[in-house]
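You will see subunit A twice below: alongside subunit B first, and alongside subunit C after that.
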Partner chain A sequence: MLAQWKKSFIFGGFLALLVLLPLLTSRSDILTWTCLTFQYILLSQSWNILGGYAGQVNLGHAAFFGIGALTTRYVWLWGFPLPLALLLGSLIATVFAFFIGLPAFRLRGIYFVIGTLVLAEILRIIVDTRFPVASVLPAETLLTYSLVSRYYLSLLGAILAVFTVYFISHSRLGLGMRAIREDEDAAKTSGVGILQYKLSAFLISTFLAGFAGGIFAYYMVAVQPGYVFSPAWTFDSVVIVFVGGIGTIVGPIFGSVFFVILKQWLSLHLPGGLHLAVFGILFILVVLYIPDGFIELVRRFTKG
Partner chain B sequence: MFRFLAQTLINGINIGALYGLAALGLSLIFGVMRILNVAHGEFLMIGGFIGFWLFHLYGVDPFMGLPMVGFFLFIMGIAFYKLIFSRLTRFHEEVKLKNSLLIAFGLYLIFPQIAMLLWTPDERAISPKYSGEAIDLFGLRFGYVPFWGLCVAVVTFLALYLFLNKTYFGKSLRGTAESWKAAKLSGINIERTFMITFGVGISIAGIAGVLIGMVQELTPIMGMPWTLKALIVVVLAGMGSIIGAFIAGLILGIVEAVSAIFMGPYTIAVGLFIFLIILMLRPQGLFGKT
Partner chain C sequence: MLKIEDLSKSFGGLMAIHHLSLDVYEGEIVGLIGPNGSGKTTLFNLISGLLKPNSGRIVLSDRDITYLSSHNICRMGIARTFQLTKPFLQMTALENVMVGKAFGCTSTWNMKKVEEEAKRILEFIGLDEKSMWKASSLGVVERKRLELARALATKPKLLLLDEMMAGLTPTEVEESIMLVKKIRDSGVTLIVVEHVMEAILGLSDRIIVLNAGEKIAEGSPQDVVHNPKVIEAYLGEEAFTDFGS
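Coming up: the complex of A and B.
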């Protein structure tokens, strides 16, 4: 086990490297990939809060990502300053989650999973029908488009997500969430307010998902409004969290790095969307044989 | 006006029977095995495309080809059970349910991609010569293909119902659904029961796929929408209810056909919305027992 100061030292050095990266290199491929990794860290951590810590599998995560993305995009393009647009996007996703969460948490286990899946699908159909035209950045914004500002924003998002998860896991809230995950009835009997804890987890989770959507909306040059509601966003987060290690802080970070690298590499070498099939197989293997994710493998390996 | 409504009702019943059939396998597998197979629509899609192949490559009449597709999907179901889902039986009930969902979800990532390789992303249809023919009765149109589709659906339901209620193996299957532990203690071969249940469920999905391919288009990405359709029906009916699945399918078909008049492109959302409401108010389903 590393000493605490050594850990912080490595962590700080790594963070400094990431902050300095745009100054060290101007290769847009490296910046794009790291940028994407940050966005995936943010999105998968947001799923991890509800799915990993509170144990509520939300298969409609794309809905909140989508709401955040759509709101931020349109508010920003109307001329609002970006930070306000991002905040508004995240808040609207959270408010929506609040109204969904109250009835949805009446559902337990499997019914919650199906309910969220269906909810995201309803939103996708509505948005696809209401907004059939792709949203493209206006010419003047395109002229000043810089990857570096997207990079820092994504980095900020990733750091925010990691710290949120860190604070949750070291707080009373996190304790209550884990109690619910392990045994809802037992938690209830020991005095944990089930609905209150689930709802808190859900709201934090969706706030971050909305924020991830907002960053994505700022990042993308052209985007089809229905696309941000596509189930792929949910699935990517779920795959990342499970492959990395569910209910851990490091797991989703590791998973995101692995996911982006493998995805890029596979889409270079495989035709069409076959990389998705590879992820599907990998995902099934992880669920069956290493339910705690790769992080568990690493832990087992280092402990000998 | 009356004629218009009656025609809408007929269309609703025709498509509703297919909804019921699409949900039947899902319901059976869930009821007996406590496995929620969200890749159900993917198997349906594969069945549809195999029917398409049989028809276009070998000129097999789609209705005549149904047993072949059913048999092929049965084998496929058994293979998938042996390869993947059998590993789930050792888990505790709730973990099993969640893991089965996650695994099926992994399959959902795989199947459309393979299907795109095999059949390209184009929309396909199984269109034999008689596919546009219809009988006019009292000024109403009874399509030839939807009518036979309805018949196949009814026969499949009855066959499964009789199989479950009148045969010895069906009895062991119902026993396993009640409590697999008790069934095992009474000497029922659980492993074999699960395997055959899964095979039969998948095979019914395949048959539904062929019938759907005759009235709608087949695409590699049709799996998820049909899984959702099947889920709606199953939740309406109550998990594991066989006859309930048929009635719920008809209800959904009629509701959709009627709401299509008012809601246009939002029709699918209407079905999903009704589903959410039922889920909130009556999670055991319309025909389920508390």
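Coming up: the complex of A and C.
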């Protein structure tokens, strides 16, 4: 298609534009939407690692987003520096994942899918009942609330996610994960340690999901604890990944942009939560007719 | 090299392998034959760790590998192909072979080396022109060769081939026989399961015959072919009676 240097040039130029955006505009709506897009890129790419590359459908993704969010929020509001709070959020989410992963990966196929969903829902219900009151930023913090700093943090998160997926896809890790996705028995007898690789994908995925949660917790003025455990976070990620292109680097990026734009447009024109129904239908159509996502569609057209 | 000691495996009430003992010596090509359902593929599954036996031992070069996990058995030098090929469909032929190279005996993180070696193996097998093709677009015969390439990439000491020749034309069978001999000459010991008789008789140094999970005969190809017990076991099996005398 395009020469490698041209690709890098376009990519670099685009990245530069994103970095300079807060300097080019002060419209908070553009910055907010872009900021949210970055967060969705981070969250969807994290699901892509386990679901797209390793082929393990984790419907409990929201649990790790939530754990990261609450941990970061409380640690930060207790007075600890933000970087530490973010790191702790990601790490605690990963630790949880380790202990959930060991038994969960003994479940085969559909049972793993259901099991992860159930675990996440249990966690959400516990959090909802024990911490029903929303956490609101204290007045001093509210006064110094800067959208721009949150914009750059989200951009950093998105870049980290994309580079992680890029690294995985070009490394032995990615090779092993994809082999497991394609055929576990053949992967086993070719030397791939199944549990080891599934767990690795899981831990990387949940670390990034926890980081996404942490960024979100920092971003939101008021957060009801149960909200960050809502399964919508999981399903939004799944829809984005499938629509954009599962198991690809660029897929979730396009998916996130498309998702945020469509979501904004739909919520303006459709009542209540009806835009969720639209996404549900879109997801079904994609899975049935373009399972490889729009990226694959584009590739097929450009190959001629 | 490989010792199977009093191995037994049952599925529910069915005895798939019944107190089986056999030896495989370094450098030889052992033909493993027997009527359908005699336990050949089950034996391969047991050796490669996909199944665990009810009793008995599998020993590779004095190491008990009976209960090792499959990927460790691969790292110890045993590779196998599957009767119904199991390619990594959404990955290219090159990537399929790269998995074997990256995770096999010479397990490595250096992707460049892995790619180079995988290319070399594809050339050896004759699939290098289609190295960038997705495995899903390869034909059955090509998939069998790809599976062989992937197994070879793990640098095995012992290679288990499960019905490589099924469905091949006579010319393809000839080519495959030469390929297998080349593989043995490069220092790999082989156990070959086959129904295609010319292939088995042409390749094997020694043949072991299974029936209903037990070893009923063992010896040179000529001895086995004339063994009354073997002929009886195959009575009604076209493939064997065609070549009976």
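Definition applied: the second predicted complex is superposed on the first by the 304 of 304 C-alpha atoms of A that agree within 3 Å, B and C clash if a C-alpha of one lies under 4 Å from a C-alpha of the other, contacts with A are read in each partner's own complex, and residues count from 1 in each chain.
Note that a residue touches a chain if its C-beta (ideal position, glycine included) is under 8 Å from a C-beta of that chain, and two chains touch if they have at least 3 such contacts.
None of these values were measured; they are calculated from a predicted model.
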First (subunit B), second (subunit C), both or neither touched by A:74: neither
Partner chain in contact with A:152 - subunit B first, subunit C second, else both or neither: neither
Touching partner for A:33 - first (subunit B), second (subunit C), both, neither: neither
Which of subunit B and subunit C A:185 touches, first, second, both or neither: second
Contacts of A:176 with subunit B and subunit C, given as first, second, both or neither: second
Partner chain(s) touched by A:106 [first = subunit B, second = subunit C, both, neither]: first
When both partners are placed on the shared chain, which of subunit B and subunit C touches more of subunit A: B
Which of subunit B and subunit C A:193 touches, first, second, both or neither: second
Residues on subunit C engaged by subunit A in the complex (per definition of touch): 48-50, 69-71, 73-75, 79-80, 82, 86-91, 95, 98-100, 102-105, 107-109, 111, 114, 150-151, 153-154
Residue ranges of subunit A in contact with subunit C within the complex: 170-172, 175-176, 178-179, 181-183, 185-194, 247
List of subunit B residues in touch with subunit A within their complex: 36, 38, 84, 87, 94, 97-99, 101-103, 105-110, 112-114, 116-117, 224, 228, 231-232, 235, 265-266, 268-269, 272-273, 275-276, 279-280, 283
List of subunit A residues in touch with subunit B within their complex: 57, 59, 103, 106-107, 109-111, 113-115, 117-119, 121-122, 125-126, 129, 231, 235, 238-239, 242, 271-274, 276-277, 279-281, 283-284, 287-288, 291
